[in-house]
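Notes to accompany the following structure.
Chain nomenclature is as follows: A, B and C, assigned in order of appearance, with residue numbering initiated at 1 for each chain independently.
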Amino acid sequence: MESLEQIKIRLEAAVPGAKLEILPNESPSGQHSLLLDNAHAVALARFLRDDAQLRFDYCSNMTGVDWPDTEITSKVKVKKVIDGVEKEVDEVTKTARPGFLEGVYHLYSMAMKHGPLILRLRTGNRKDQVQLPSFTPVWRSCEFQEREVYDLFGVVFDGHPDLRRILMWDEFRDHPMRKDYSEPDDYEYEPTPHDDVLEKSKRHQAAKGTL
Amino acid sequence: MLGSGILKGLAETAKNFVGSYIDESGLTTIEYPDERQTLAENTRQFPFLVFDGDDAMKGLRCVSCQICEKECPPQCIFIVKSKDKKPDHVGKPQFYPATFDIDLSVCMSCQICVEVCPFEAIKMDTEFELSTSDRFGQLLLHKGQLAKPNSHFQEIHPTDAAVSDAALAADKAKAEAKAAADAKAKAEAGIPRPLASSPEAVTIPPALGPPNLPM
Amino acid sequence: MSVATESPAPRNYEVVPKTSPEGSELDGELLEVAMGPQHPSTHGVFRMDVVLDGETVVKLKPVFGYLHRNHEKIAENTSYLGSMPYTDRLDYFCSLTNNWAYALAVEKLAGLQVPERAEFIRVITAELTRLQNHTSVCGFLLQDMGALGTPLMYAFREREKILDLFESLTGARMMCNYMRFGGCRCDLPPGWLDRVRKIVGDFPQFLDSYEALLNTNEILLARTQGVGRLPRELAISAGVTGPMLRACGVDYDIRKVDHYGIYDRFEFRIPLGEQGDVYDRYMIRLLEIRESLKILQQALKEVPGGPIIDPKAKLRSFRPKVGEAYGRIEGPKGELGFYLISDGSPNPYRYRVRPPSLINLTILEDMCLGQSVADAVVTLGSVDIVLGEVDR
């Protein structure tokens, strides 16, 4: 398989205007990923599937990741003159990173037997810009998996033919896999050694006025 | 010929049927509970607490370190640590569990509590006939119901028990040697001083790394 | 292999075409039937909303989630080790392969090396799992076809022997919780390998009798051949994996492609089907059992001594470095993958299971349309789903 850099160059040549970024992965697995821009994502995916050398005809895994708003602290060694002496000081910079939802795709090629190529798509934020382009028209295997991400993360896939909840029931309101999800407290009464479930249930019943 | 495949299949079932009269291995079912199978030695059902000696409450090996409570995946263990201390098997004063409950309706028999316990205090039982008429109350086992003697452990898992007994005996020998050396040093120095507790008193399986006991 | 120009789109559910000619005596109203979630011939709590025109399926929507417990969320709130027993409960037929897939992903994430002896034990237990899964699935398929009892009980009789092996090794018959990051939990009990050799040696005899019982049975042939056909382009595009994919003639087995574990040391072949119908899926499973037996015979010859777990692997306070990893294995049902993101804390930041059963169901409707409702049941049986894994 070509290296990720080569694939990136070829993708940029094939789809003019596409913005791509390689996201490094520091773990021993060494599985780096490629961030696509949403506007050209489907065209890029088609190219990856149909290109004679790449032939990523099989989208194995599609999933979502929730990244809430966070503050990234980075330490940089800065040379500073303190009391006339030049010293190396750690300068801590804090940058606020707005949250987003991410779609991760693991592609393999059944024809060429290589892979994985990891693609990522990011939404604008976690509230009102949660649209991502759907890859279901490109790889049918995304159909249920994108429904699952819609159900559990609340990502809306544009172009998905049948976007409904899949694991939770239709009337369910929240998205359970989000990091800030708080579970409902209307539990069935089941005492546990800790009895926190029972406490929760009692609070809920009291609030509803049924107790 | 149409139907020959079906006849061939019927011959096969007939062979199995007749075979079950000739060959014992053809009869795979047994009439539980009148007949019972011997269980495999590694069989595990639900955890129990091991105690040494005759008195369950005195000899309990558990020192209430709460590692199992923290590591238990379904969170079915509930421990309250004691205020005072009692001597453990090497004579070192240790906390003991004032309350130790396991909710069997939640426990999933995964054995992780046994693996993480550095004190050989919790082991898996092979008792499986646990049906009760009260789903909540009677399946919540307390310290008294969970405590079982070491001889029970030796009986159900002889291989594991031998390993665990050897480890504990090694501890004890080490602690005694240390105590003897301390006593000798004390006699030589002639100054009374409190008995130092041995840092090696706790055996840690090598894969576990140092226990970060919340004490 | 031709490249699909466009993935076949799922159908528009608003317009359901009728199959009988208008005005004929067969022309009638469409009937909507909810098959399941408690129907005795569906697999677990699975529902198919079927719209029938007479007996012909014109629309089929799989509905699941009845067994959903958000395994992924539970795993994100527990330690890496704490998720291991939960993986047993995904596909409760094959807990050892589930353990392996998860352990493999964590080993990739943390860079652990598995000792040779543990690799052999993993291969042996995984192939035994495949044996018992495939035999039982063939039994279930026959059960769906109306062969109540006999084939399934014969399969269960053999499965029982393998489960006894698992019990004496791991302590549990189905919820094994045996593999650990960087190896296995405990060493083999004495005499265990001899027992495996005996069962592996006897298995071909059982297979011969099983095949004599069924393979030439005219009813089985009539009910399976040409039923539930799956075109290979659609199978590839829909990410179908495992015996279902190979029944369509696609040569893709992760044991051969990824060479995970030590599968490159064994000689075995990949059985491939031609038609992609239920009969091919049934036959592929029987043939795969024979190949698994070959692997087992080779592995049992040369189990080396030595440690069974990487000494670097920690049981408690295990914190992999920041990063992510995707590990996958060829489970009995298809590609079972685990995708993990670590943020350096003791709990995974993201834990994702790629369930083969769920993704193999994507094309259930495509396979069942235009068939009779009885064939839809058989087609579902040939997919080999376990709802613990579909719903997670």
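We adopt the following convention: a residue touches a chain if its C-beta (ideal position, glycine included) is under 8 Å from a C-beta of that chain, and two chains touch if they have at least 3 such contacts.
Owing to the predicted nature of the structure, the values given are computational and were not obtained by experimental measurement.
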| item | value |
| --- | --- |
| Central chain of the complex, centres being mean CA coordinates | C |
| Centroid-based (C-alpha) most distant chain relative to subunit B | A |
| Highest C-beta pair count, chain pair | A-C |
| Centre-to-centre distance between subunit C and subunit B (centres being mean Cα positions), rounded to whole Å | 33 |
| Whole-Å separation of chain centres (CA-atom averages), subunit A against subunit C | 26 |
| Rounded Å distance between subunit A and subunit B, as computed from the means of their C-alpha atoms | 42 |
| Junction residues of subunit B - those touching two or more other chains | none |
| Sequence positions of subunit C contacting 2 or more other chains | none |
| Subunit A, residues touching no fewer than two other chains | none |
| Residue ranges of subunit A in contact with subunit C within the complex | 25-29, 31, 49-50, 55, 57-61, 63, 65, 104, 106, 110-111, 113, 116, 118, 136-141, 143-145, 152, 161-162, 166-169, 176-177, 181 |
| Touching residues (chain side subunit B, partner subunit C) in the complex | 2-6, 8-9, 11-13, 15-16, 28, 39-44, 67, 71-73, 108-112, 115-116, 124, 159, 206-209, 211-212 |
| Subunit C residues within the subunit A interface of the complex | 1, 3-4, 6-10, 12-13, 64-65, 68, 70, 72-73, 108-111, 234, 236-241, 250, 252, 257, 320-326, 328, 335, 337, 339, 341-342, 349-350, 352, 354, 358-359, 361-363, 391-392 |
| Touching residues (chain side subunit C, partner subunit B) in the complex | 78-79, 81-86, 88-89, 150, 154, 157, 160, 164, 167-172, 175, 177, 185-186, 189, 209, 212-221, 309, 311, 313-317 |
